[in-house]
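By written order: A, B, C, D, E and F. Residues from 1 in each chain.
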Amino acid sequence: MMTALVILLSLSLVPAFIRLVLGPTLPDRVVALDLMSTVGVGMTALLAIIYGRLVFLDIAIVLALISFVGTVAFAHYLERRYRKERR
Amino acid sequence: MNVFLLSLFLALLWAGLFGTADWAVMLFGFVIGFVLLRWIGGPLKFARVPLRIPQALGLVIFLFYELILSSVRVARDVVAIRPRRRPGIVGIPLEVESDAGIMLLANLITLTPGSLSLVVSRDRRTLYVHGMFVEDPEAFRSSIKQGFERLLLRLLGR
Amino acid sequence: MIVMIAFVLAALGVLFILLAAVGILRLPDLYTRMHASSKAATLGAILVLLSVAVHFGGPAVWVRCLLIVVILFMTAPIAAHMIARAAYIAQVRPSPDTRIDELGSETEL
Amino acid sequence: MTTMLVLPLLIPLLTAALCLVGWRHPVFQRWAGTAGAAAELGAALVLLSRASAQELLVLQVGSWPAPFGITLAADLFGALMLVLAGCVGLGVAVYSLADIPDEARSRGFYPIFHVLLAGVSGAFLTGDLFNLYVWFEVMLTASFVLLALGGGRRQMEGAIKYVGLNLLCSAMFLAATGLIYGATGTLNMADLHESAARIASTHPNLLIAVQSLLFVGFGIKAAIFPLYFWLPASYPTPPSAIGALFAGLLTKVGLYALIRTATIVFPHESPVLGWIPALAAWTMIVGVLGAVAQQTISRILSFHIVSQIGYMIMGVGMMTSSDPSIRHLGLQAAVFYIAHHIVVKTNLFLVAGTVREMRGTDDLRRVGGLASAAPPIAILFLIPALSLAGVPPLSGFWAKLAVIRAGLLAGQGWVVTAALATSLLTLVSMLKIWQECFWKPTDGPARSPSGTVPAVLLSRNRRVRAISMCALAAITLWISVAPQPLMRFAGRSADQLLRPERYTRGVLSSPAPAVHDVVGREPER
Amino acid sequence: MYVVLALIVGALYTAGLYLMFRRSLVKFLFGLVLLGHAANLLLFVVGGLVRASPPIARLGAEAPDAGSADPVPQALVLTAIVIGFAVVAFTAVLVRQVYRVTGTDDVDELREDP
Amino acid sequence: MLSGILVLFLLAALVPVLAGRLGRATAWILAGIPLLLGLRFLRYAPVTPGSIIVERIDWVPSLGADLTFLLDGLSNAFTLLILLIGSLVILYSGAYLSDHRRLGPFLAYLLLFLGSMIGLVLSDNWITLFVFWELTGVASYLLIGFHHESEASRSAALKSLLVTGSGGILLLVGILLAIQAGQDLGLSLEQASRISSLGLVDLRQDSRYPLILVFITLGAFVKSAQVPFHFWLPAAMAAPTPVSAFLHSATMVKAGVYLLARLHPHLGGTPLWQILLISIGGATMLLAAAMALGQRDLKRILAYTTISVLGTLVLLLGVGTDKAVEALVVFLFAHALYKGALFLVAGNIDHGTGTRDADRLGGLIRLMPVTAAAGLLAALSKAGAPPLFGFLGKELLFEAKLDRESIGQWLILLAITSNVLLVASALRVGIRPFLGRVHPTPRPPHEAPLPMLAAPIVLAALGLLVGLAPGPFARHIGSATATAILGWPVDMKLKLWHGLSLEAMILMLLSGLTLAAGFAVYVGIRRGVHRRWPRPGAILRWGPDRLYERGYAGLLRLAGGLTAQIQSGSFRRYLLIVLVSAIILVGSSLFLADLEIRTLDLWDVKFHEALLAVLVLAGVVLTVRSRSRLTGIAALGVTGLAIALIFAVFSAPDLAITQIMVEIQTVILFVLVFHHLPPFSRRSTLSVRLRDLAVAGGVGVLMAALVLIVPAVRLQSTLADFFRSQSVAAAHGRNVVNVILVDFRALDTLGEITVLAMAGIGVFALTRSIATRSRSG
């Protein structure tokens, strides 16, 4: 049953990826990436249930923490770039 | 958010990373976090806020409620054949003044139904918010002011 | 019973994430998409994590799950806010059906 | 005690750490760096003498038994390479007291330099394939940084090519290591000896393919014919002390790994080795033609590294011969050649650096008159240069003689022809440097780039440089006049390499807690 | 899945090398990253694939479950990942420096002196 | 004997230092040393025919090199000549270069040369002989290029070294083949490396004999400046005159002749030997003599006549009869004496007048009487006028050639012709400058200082002395030398007057005829007749020389062109070549490999796994196709994330965690770094991109194939089980991967941390240099 959920969850990677490809703007892509990492958190959590191993939760922790950092970096870069362009 | 709360959070993080909920570990993490924060905390300039637990709890509960609500609305709109959305950007005059307050508010607003904070104006008086269902800007404005800002003000006391 | 609860929670979570994913594809502009990703997806992830906590039980698991929940809770809006701000500054325009734009005239940020 | 096998690793790493601690104190760094290099050489020498007495030193790191933990092993070849690395290290360390600009020194020249030494030593010592990869990476990363330190345009252009192709090399190495583990389930080279033999009997093609992959990886690092391009592109660009370090050591590590795996891991009959003679011929010819075409000393020398590598792998290529004595002679020649070449090439780069320092450039069209202006430099150039060209009775002659004799015995007429032609062309290009840089009169007065530096300091600088150049030249002369000890040692090394059973038995049966370290001590033959 | 991942490894190599062939230094860097992925995945895949049984002993157990994944490739890949990251990080900064110094990100404009 | 050579080398090393201290006395002292050595060798000197003295020290037994020195008649003869002339030349140079700044190094080179030459003629070991052989080349390079400020000097030096060096390489091949053949015939390496042990086996029967002979004789020909390799010798006249006197009278160029003579008993006497030596020697003799006539420079004339004489010597060796060898011995000595003297005389003239142009000199006898005396004596000896040494040589020469019946007439014709020409040259060099009218010269002519007079006079006088009383020479030196060359005892008898037999009369007649004809030619040249002659020399003089120049230039062009093609500076081209060769090397062995698909389960794929795989693929494709940097980064992030999830799915949580962390950090880093880089632009054409794709794809296919083959091969691993069982028990860690990293394979981790630290320092250093750069500029 849980496996079915994993499959369902992994399906949600598809639209996210399409958005990543289509863009059209960079923030769109970042949002897509962000969503994908959220999906990753969900997936690893489900894997923990399926495999009955808690170690997978660690992956989820790391993913949750780290993807945030990545998103912030993107945002920061984007903002700086445009502020510079305006000047 | 004060040192104590932060230490608690760090303790959680610590335990999480250790992979156990061993109370000794948690306590150790808390102590370390507390000491460290005290030590380096000076420069960080945490708002010296008295801890108001009931208000904080209220806020959290309210937040959960709002989160679920907003999620459901957004989700419904996503699959809806005829979407009900009315996107718009609205400026909200701010009453909170501290940095922490503004930040917290902006974040909280993002979690509320159909609203997403964009930018704070230069004079730090207005927060511009993107709303997904803005039928009436004024109503939207007041709902935020009555909802979150009020709770927040109660928690932080300006 | 526990298994059932866990499954329901997980299913709900997955559903929310899935909807968020669809939203991110379907919604017309960046800002509306962000509504989907920053709210529905976060909620979904939180639900899945709760399901894990319920499934395993025990304080160790609860602590870890709560930790992740807290992290998500704290980071999701910050991230969303930062992207939104950056996007606005980068002059990513909202879609034409955005009726009200009180910020639109303001360029000095 | 075999625990001292870790010394060649620990000393440079500790020195690097020390230098890092003293980041803001150039003087301290200088002393610590030089002392560390000296200690490294000392440790290597002690190891060499012990290895020479005991044939093989083995240390199971962490005292986990052999195929499970990581084994450090120094056989004769490895110990010899360590000593050579120590020589180069000390020579360059002393030379760089004068050569490396303070700016670069303050950006961590010494720590990186010692890490490079550690990587090289690790590669020479380890008995584990993946660990070899790790030390390769240590060495590579350190060399990347050294190459790019404080670089101008040319240095940057060279660095990109160097980095790109060398990363390709490590990617191939890594892939091959993975495939080997996947097939055999082990990484210890001694253990692999047997596993590989078993695979060779059932799936020879896979083994050959993996060996080819490894060969390509090491071939890039060793700068063999169609894989060498990164070398002339990058070596001439950094300050000459760094160039000398690279020239002396890096390609030889690739070569060492090639020989090590070809002798211990894979069976001798492998067709991969069959390509080597032809590749050797091409390497020599293309390298030397490249050198002939150049107009700056450092570029000429860089191309010569390539051509000289050809001679070394030519010796290795004789391993395909069916006659054991030819195999032995070939490998002996290769080992001798490596030893000779490391010393000579390092010295040449140092001389080139001195020329650059004295004249502000090493472009042959613009320098000259050094034979009259600086006769000692002229002599210091002539010794390694003629040795490189194989002029008797200098060390290069004995090296070439051995290689060519092996080639003739093996009936590799074309390769021998290429080798002989190459040695003539090497002479041509060495003499070109000599004639243009030393004999040709200069038009104007000698131009010093560091015109503001007081003359006293400059001359002190030269004396410091001269110390290491003289020492290296002395080693060359010693090998020239009395080549037999080294030749015999090379012969013993070759013997050991060609009978891997002793190595594998020594490594695998070495007791985990390093209680006693006498392994494989058997009467000779 | 082994077959699929083997093909993925091939694809990663192809893409990584193809990108290294491009003239832009940035793509070159992307290529390096993909090449690293390719090598890591190769190492991992070739070591054998096992589902749902990490080489970690359960609490109180004396050893990991029988038939758990081979820990060695994992350790190797872990090392390789970190090394690869270090190298890529350095190369990224190097690329930036190259661009600053030479004023171009076109690999073909990086020449050698004749 | 070794000690003698070492003394010379040691002195060579010390002289540059000593020269400063000793000043003018240096040359006198140094000249004494070879003389002393010569006396020491003279102790062995009346080497009775056949007796041999050997000294032996190990050197490089692994390669068959040892320091075996052998003193028999042949080496004794050469040693004495070398030491005698060497001593005089040193004395002479001391004065000739007395004002020169680099007298010290000059003497050092000279001593180095002297030592190597002695070593060369004494060595009995093939390898050692070759070592000294090449050392003479190096020393002569330094000597010829002594006036290295002049371009001509430098290129002449280079030419001589390259040409003789190539010859040396040929010789080396011959030597190695000979050693190999000796070993195959049952000798030990040590024995096979001995020249004298060639007597133990008969290489002439070996199938490799022709090859060995050709290589060795070629080597000798080059060294001895035989046509067509002669051209380096005239060029070498750029050297200071004493050097020419030394190198080209008794030493360097005679080394080839020496070697052939040394090998004559062992390799000689076969038809191939005769054909080679007679044809090349004869051609050299005649052509060089003819070419000498076209020259005006005294030294160049002498150079060509030297070549001619060398040809004669080679020819005589080729004939190889008793008489021929006797003639060889006499001619060798006579030539050394008179040629040495003539060169030194030329040096004196140059020194005294400032020119060496034969046509601009005359009447010097009054101004430079001593020089003139030496010159006249030497020239007459050269011309073969009685009662000088040269006359004896010529007599024997004619006699020897008569011996050879089949081609005797032709040879004698050849000999007479070239001798006529030599006589003419002798007159031009030795007579012309001194007699007749005084010409204006750049410098007012004046006599040279004492040492510069002593040397030529001694040499010339010796020529006269031996000519007058040849007996002792024949007894003490000649016989032993001839014996050594022939390999059987010879008793040599020399007489000025042969009595009145028919043969003697013919010889006398021939000599007289030659002299007369030579004089006629000389007169003809003075009248400028030769300018109207077709010049056979022109072709030969230019032929090989041009070839060398063209060859050298061509080599440079070839090297330049090839290198520009291969080392093009284009990173992408390098990559292409490397990858293509990797494909070829790896693919060629994999081509036949047994890919056992049946061991693989194709359908063991779960949906989410497949989806992750697709995601990786999609990320990869997007990365490749991305038009903007940030899209690329994002796509890269997707790829990394998907790979991390694959790790997670296949039981590697630690890997997944690490991968995620690394991936995100990479993304951040890229984002920060690329801020400073320009955007993408499409630069390659479609065909280039397709080519790249094909090559990259080739590697990809290979890798995938390798991965697919492995499972069929996999051996049972003991490592995994060991780690699984030991990690909790022995290392107290539940996570086996972690335990491996920190305990079992801690050394890997140490290296890994070092790499990280290095990269950190590198990043720091680079960014700092960016900072300082932008501050300063």
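Just so it is clear, contacts are C-beta pairs under 8 Å (C-beta built on N, C-alpha and C of every residue); 3 or more make two chains touch, one makes a residue touch a chain.
Not measured: the values here are computed from a predicted model.
J.: Farthest chain from chain B, going by the mean of C-alpha atoms per chain?
T.: Farthest chain from chain B, going by C-alpha centroids: F.
J.: For the chain pairs D-F and A-F, which is connected through the larger number of C-beta pairs in contact?
T.: Comparing A-F with D-F, the pair joined by more C-beta contacts is D-F.
J.: I'd like the most central chain, judged by C-alpha centroids against the all-protein C-alpha centroid.
T.: D
J.: Rounded to a whole Å, what is the gap between the Cα centroids of chain A and chain D?
T.: 47
J.: How many angstrom between the C-alpha centroids of chain D and chain B?
T.: 61
J.: Could you give the separation in Å between the centres of chain A and chain E, each centre being the mean of its C-alpha atoms?
T.: Comparing mean C-alpha positions, chain E is 20 Å from chain A.
J.: Just curious, how far off is chain E from chain C if you go by their C-alpha centres, in Å?
T.: 31
J.: Give the residues of chain A touching no fewer than two other chains, as numbers and ranges.
T.: Each of 9, 11, 13-14, 26, 30, 32, 53-55, 57-58, 61, 74, 81 in chain A touches at least two other chains.
J.: Give me the residue numbers in chain D that touch at least two other chains, ranges are fine.
T.: 130, 134, 137, 141, 144-145, 148, 151, 160-161, 164, 168, 175, 179, 182, 187, 232-233
J.: In chain F, which residues are in touch with two or more of the other chains?
T.: Correct list: 564, 567, 569, 571, 575, 579, 606, 649, 653-654, 703, 707, 710-711, 714, 717, 719-720, 723, 735, 745, 748, 751-752, 755, 758-759, 762, 766, 769.
J.: Once bound in the complex, which stretches of chain D touch chain F?
T.: Residues 13, 20, 61-62, 64, 67-70, 72, 103, 107-108, 111-112, 115, 118-119, 122, 126, 128, 130-131, 134-135, 137-138, 141-142, 144-145, 148-151, 160-161, 164-165, 168, 172, 175, 179, 182-187, 195, 198-199, 202-203, 205-206, 208-210, 212-213, 215-216, 220, 226-227, 229-230, 232-233, 271-272, 275, 286, 289-294, 303, 332, 371-372, 375, 386, 391-393, 397-398, 401-402, 404-405, 408-409, 416, 420, 423-425, 427-428, 431, 435, 439-441, 483-484, 487-488, 491.
J.: Could you pull out which chain D residues touch chain E in their complex?
T.: Within the complex, chain D contacts chain E at residues 130, 133-134, 137, 140-141, 144-145, 148, 151-154, 156-161, 163-164, 167-168, 171, 174-175, 177-179, 181-182, 187, 232-233, 236, 295-296, 299.
J.: Using the touch rule from the top, collect the residues of chain A that touch chain E in their complex.
T.: For chain A paired with chain E, touching residues are 50-51, 53, 55.
J.: Which of the residues in chain A end up touching chain F in this complex?
T.: 3, 6-7, 9-11, 13-14, 17, 20-21, 23, 26, 29-30, 32-33, 36-37, 40, 43-44, 47, 53, 55-56, 58-59, 62-63, 66-67, 69-70, 73-74, 77, 80-81
J.: For chain E, which residues count as touching chain F in their complex?
T.: 1-27, 29-30, 33-34, 37-38, 40-42, 44-46, 48-59, 61-64, 68-72, 74-79, 81-90, 92-97, 99-100, 105-108, 110-112, 114
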